[in-house]
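Chains here go by letter, A, B, C and D, matching the order in which they are written, and residues are numbered from 1 within each.
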Amino acid sequence: MGDRKKSVTKTIGILTSGGDCPGLNAAIRGVCRAAYDRYNMSIIGIANGYRGLIDGDARLLRPEDFSGILTRGGTILGTSREKPFKSRNGEYDADVGQDKVEVIKENYKKLNLDCLVVLGGNGTNTTGYLLSQEGLNVIGLPKTIDNDIVGTDMTFGFHSAVSIATEAIDRLHSTAHSHNRVMVIELMGHKAGWLSLYAGVAGGGDIILIPEIPYDIDAIGRHLLKRARDGKSFSIVVVAEGAQSVEEAKMDKKERKKYREKTAKPSIGYRVAREIEAETGMETRVTVLGYLQRGGIPSAWDRVLATTFGTAAAELLARGEYGKMVSLKGNEVGSVDLSEPAGRVKTVPEDHYMIDTARSVGTCLGNE
Amino acid sequence: MGDRKKSVTKTIGILTSGGDCPGLNAAIRGVCRAAYDRYNMSIIGIANGYRGLIDGDARLLRPEDFSGILTRGGTILGTSREKPFKSRNGEYDADVGQDKVEVIKENYKKLNLDCLVVLGGNGTNTTGYLLSQEGLNVIGLPKTIDNDIVGTDMTFGFHSAVSIATEAIDRLHSTAHSHNRVMVIELMGHKAGWLSLYAGVAGGGDIILIPEIPYDIDAIGRHLLKRARDGKSFSIVVVAEGAQSVEEAKMDKKERKKYREKTAKPSIGYRVAREIEAETGMETRVTVLGYLQRGGIPSAWDRVLATTFGTAAAELLARGEYGKMVSLKGNEVGSVDLSEPAGRVKTVPEDHYMIDTARSVGTCLGNE
Amino acid sequence: MGDRKKSVTKTIGILTSGGDCPGLNAAIRGVCRAAYDRYNMSIIGIANGYRGLIDGDARLLRPEDFSGILTRGGTILGTSREKPFKSRNGEYDADVGQDKVEVIKENYKKLNLDCLVVLGGNGTNTTGYLLSQEGLNVIGLPKTIDNDIVGTDMTFGFHSAVSIATEAIDRLHSTAHSHNRVMVIELMGHKAGWLSLYAGVAGGGDIILIPEIPYDIDAIGRHLLKRARDGKSFSIVVVAEGAQSVEEAKMDKKERKKYREKTAKPSIGYRVAREIEAETGMETRVTVLGYLQRGGIPSAWDRVLATTFGTAAAELLARGEYGKMVSLKGNEVGSVDLSEPAGRVKTVPEDHYMIDTARSVGTCLGNE
Amino acid sequence: MGDRKKSVTKTIGILTSGGDCPGLNAAIRGVCRAAYDRYNMSIIGIANGYRGLIDGDARLLRPEDFSGILTRGGTILGTSREKPFKSRNGEYDADVGQDKVEVIKENYKKLNLDCLVVLGGNGTNTTGYLLSQEGLNVIGLPKTIDNDIVGTDMTFGFHSAVSIATEAIDRLHSTAHSHNRVMVIELMGHKAGWLSLYAGVAGGGDIILIPEIPYDIDAIGRHLLKRARDGKSFSIVVVAEGAQSVEEAKMDKKERKKYREKTAKPSIGYRVAREIEAETGMETRVTVLGYLQRGGIPSAWDRVLATTFGTAAAELLARGEYGKMVSLKGNEVGSVDLSEPAGRVKTVPEDHYMIDTARSVGTCLGNE
């Protein structure tokens, strides 16, 4: 840090948007350290996601702002769920909400930004893409506990959430063990099963229900009853928040929404528990892990990944490669065009090795 | 361990009863190591609490059975909620359920027990007391995450639960922080506020609602709105499962049950959240920690306490001091008569220093 | 916080001194919240312990300074090992170092302090006592991972260190288990055995060596060889940094220093390991836990205790009860005269229940 | 599990060899569950690595043997460092130690094994390769906290060790922070820098010294002094156990051994600390993490990886693809020929992205 004799090369804006997730500050630090120290850029921190870009809520970041934040949960920049392009029917549409977009474009100019760095999930990167279509220079970083962003193998936040969820399943094991019960644990993950699949395997879940494999309550009942016959005193059922039954999967969007409102009170885990009790007569208890999955100190791996993504973003900035999202593919840290993740969701493919891993150790995935 | 040249001095039975809790195995190990190695007693492990004593489900424990279990969650003996004296109206009554009690007395004789060691909470120790009134030799150990047993300052299991709950509150802090929300977290504790009070203070809860201090939603609303005016971007509300409103506290048992069934769906935390939203208009989210509080590896302190209680029980056994529950008072490990905890619940006294600690750091306890 | 209509009642200075330890920030927050909000005091934060009081390095603390620090490790005020009264021969002496003391007295006046609150261990509270003898108003808080302060049952920092050390012993268990080894782990604790005794019992240490019970290598060898004969594949030996052999305990201070310099390279744990290998021929490995015991997030219990001590200090301030150290005795939070801890060290008494607990579960304390 | 109507298809032997590491039991469970349940194989557990294969110490594993072990540290099979092919000069050589190898071949026949599954690091898989050259069917699994096995991106055990080491660095941060010191932490990793590089980046180490980049004490001194000038109150130096100076890297093997014996007492971390103190005059303290890195509960990710590797090994067994080691490359779980890892060590390549990540956030790697 120290003295800055060299002249500033570029001015960048940085914001975090969408749900909270561990590793945001580590990524901010990665971007800023590399951009500031290595490339002598000037960095503008934008408050509360796209909301701050609309409100013009921004300030120059100094080294002391991004020092000592590697392990801190949350985001020093604040976040919001503001989606400037989102129309009222909930679809992304470049033709609506132009007022906000125009304001963003004006503020981008006023702040003299050479590029805007956005850290967030699918919504955030989709907005980033749409802004780049509007002529702004944008670089995205994939952040989410759901791991559901197209274009990267891994998002930061995911590993921390897997760790937390696994630890929760571990705790349930001992208490389930003493009481001859079915324990349902509902995890987050949005419309993808990544979190439940990984934490379910890591925690030794007996049944794992993910959105990608609609469940058949008969199959679940059979598996639980077989376990009871085999002398197992308890079972752990991991349920992704997006889990759906075979029947549900056939419904159209409207029907399905109605069906869920009716059956999944207060949340899907409770519905599965009720279905299990009806099917098997076994005492079934529910734990909804909820916000605990989003908070706290990032895991070592998430700090590594977030730092790496942050510094990779700085490289893109230095080279002027805009319109990209940084990504990890296999062992390569690189980038993809922002159009790749935009408007899409990465779900677990049927032939993913984790599906086979789970089945190989005897885990029921709800359909057989 | 090794060779046992000395003749066996006594035969004891040991059981764990009631809800699961961290430290049970540590306490079993403490009793057994001291009774077996130091006093050359023979130890009969009884399965699944009082149920095993009714069913005659028991076996001789060998050193390898109680070796290596110090850190393990759950209980190697199994547990159940069997309460042999409990009448159908839910009151303890020495005159009912005599069939089970007679069976227990017979099995006690058949097993040639000199004493029965029972590890459990209020119900377990109350049953122990009633059995001692029936002529059996009984020693109790106070185990519960609720810390609500009369006659001891501390129960084992409590510290582990406080640690887990505090860690959960820590996680909520970062996520609440980024989103400008009220986060309600519901903790266990049965009819006592110990767990919520300790975890709430340790976690820096802004509002803590415990059964001993009925809450006034107006006071809660005022506190939350004042925090918002003072620029605090979020608030954490810790709610004990036994928390009650001022109105509720005035109801008789029947009215109250009805009122709770109607208002506290699916649990009290949700009711408080709804009341907060109605009162303040602030976005409020709920986390119910549930079974996570009962499971997992016992904390260092619980292992120390459980081991100490276990070895203290062995001393009572050696001296033939029956009809006692081991206890911690201040810095003294000793015992109280089993009549002391029987049928009672230790709630947080109004003048307990933790009440003052909480208020001194600005925490609202719901009533002012 | 908010508006401060009431006039300021008192002006206090606060400093942290001596070794780092978890809970310092929690205690600072406790003092400040209660002093500022409840009693409307003005609070001066003094940097780097007594050094800052000598250098006049001090500033007014605002609510935002002591907000959000409950869980943070370290101390926001900084610390140093400055002991203004300490003469060159290492003894406390009110007649030496008067220059520094006079400067402190001047600065105390310049800052218009009504009282000085000092957070630290034996040295810090001893200095506090000596300053109170010089006419200053002083209140002390007992902080140390060593738990060796006379006048209180418990110091904050101790529980966190016990947790960390216990977790380390847990880790050694699995690796010792697979390799048929003796694992020595050296813990801190200064001249007292509290930390090793508690962590040793919590971690299931097979041998625990504390300064209060000089060890006999023959007894240790016998215990290890008996374990091997009994088929135990490994042993864990917990060694307090102050542990000493029977021979050493008989030496005078000078002899002993020389002997340690010669034999305990690089630290006592290594010496014990070498002695064990010589005595038993068993492969023995050493882990020195070191600074890990001082750092990191305070445990739930330490946050509770530190917060309670902080608010209790504010009560003393409000009542003008100076010359005291806050303390916990049994279940009572109160205070003792600063003369009580001054110049003394609280070691583990021979008849402490933990000694008996350890022996009852078969742990060798090195002397039999 | 339950009834086994189908006839047994194959008989396999399984052993764990070399240093202990988290995830061994998870991998054993993965192999056994899939081999037993899915493919109806008979499984022989061999005790204490290759030693048990020499001694004929083996027994049939039943489902209850590999149930409930997912989270347990250590290995249920025991381990040893027996290397049957190792000649006295420490080189692998198929022409020496044939007695042991012949005994192994005989026992392999006596046990009627169709294949031997070996879980271990470089030595273990090299031995596995040599045994396969002798005509045995062997499948290897890559296990080590060092991540230094050629042919796979990742080994299980590595992530757990990174987590533990990162947590230790976190603790040092707060204590370093309060005291104006250089804190050296020495990590494991054998001759590779993976563990130090990942934990160093995750923990925000200011200097990271790995074997692949010989260090120049002048460069280290300059970096530390610059940090001090920039007002940083402390620095964290992460030192891999295999770290070497520029001078040392030029020595031949014999010279180097002598030099290390002379300078690196009791271990390399202490040497680096002494060199830093000599170079900068800054107070420097050392922590050697040691065996803590090998023990305890495997991380969620290691459980996932170990389970996946275990089930992948079962697939190879079922297909009769012998002479392979299972591996992860990018996102693909597959296998490589055992000749690939045999006798080699995977060090950190100069162009690995983590090298760049570390430098981008301002970390000094000791050479500039």
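Of note:
In this section, contacts are C-beta pairs under 8 Å (C-beta built on N, C-alpha and C of every residue); 3 or more make two chains touch, one makes a residue touch a chain.
What you see is a predicted model; the values in this text were computed from it and never measured.
Relative to the C-alpha centre of chain B, the farthest chain centre belongs to D. The greater number of contacting C-beta pairs, out of the two interfaces A-B and A-D, is seen for A-D. We define each chain's centre as the mean of its Cα atoms; on that basis chain B and chain D are separated by 42 Å.
Inter-chain centre distance (chain A to chain D, centres taken as mean C-alpha positions): 31 Å. Inter-chain spacing, taken between the CA centroids of chain A and chain B, is 36 Å.
Among the residues of chain A, those touching two or more other chains are numbered 167, 170, 173. Contact topology of the protein chains: cyclic, one closed ring where each chain has exactly two touching partners. Contact residues of chain A toward chain D in the complex are 1-2, 29-30, 33-34, 37-38, 70-71, 153, 159, 162-163, 165-167, 170, 173, 198-199, 201-204, 226, 229-230, 297, 299-301, 303-304, 307-308, 310-312, 314-315, 329-333, 353-354, 356-357, 360-362. Within the complex formed with chain B, the residues of chain A that make contact are 20, 22, 72-75, 78-79, 164, 167-168, 170-179, 183, 266, 270, 285-288, 290-292, 294-296.
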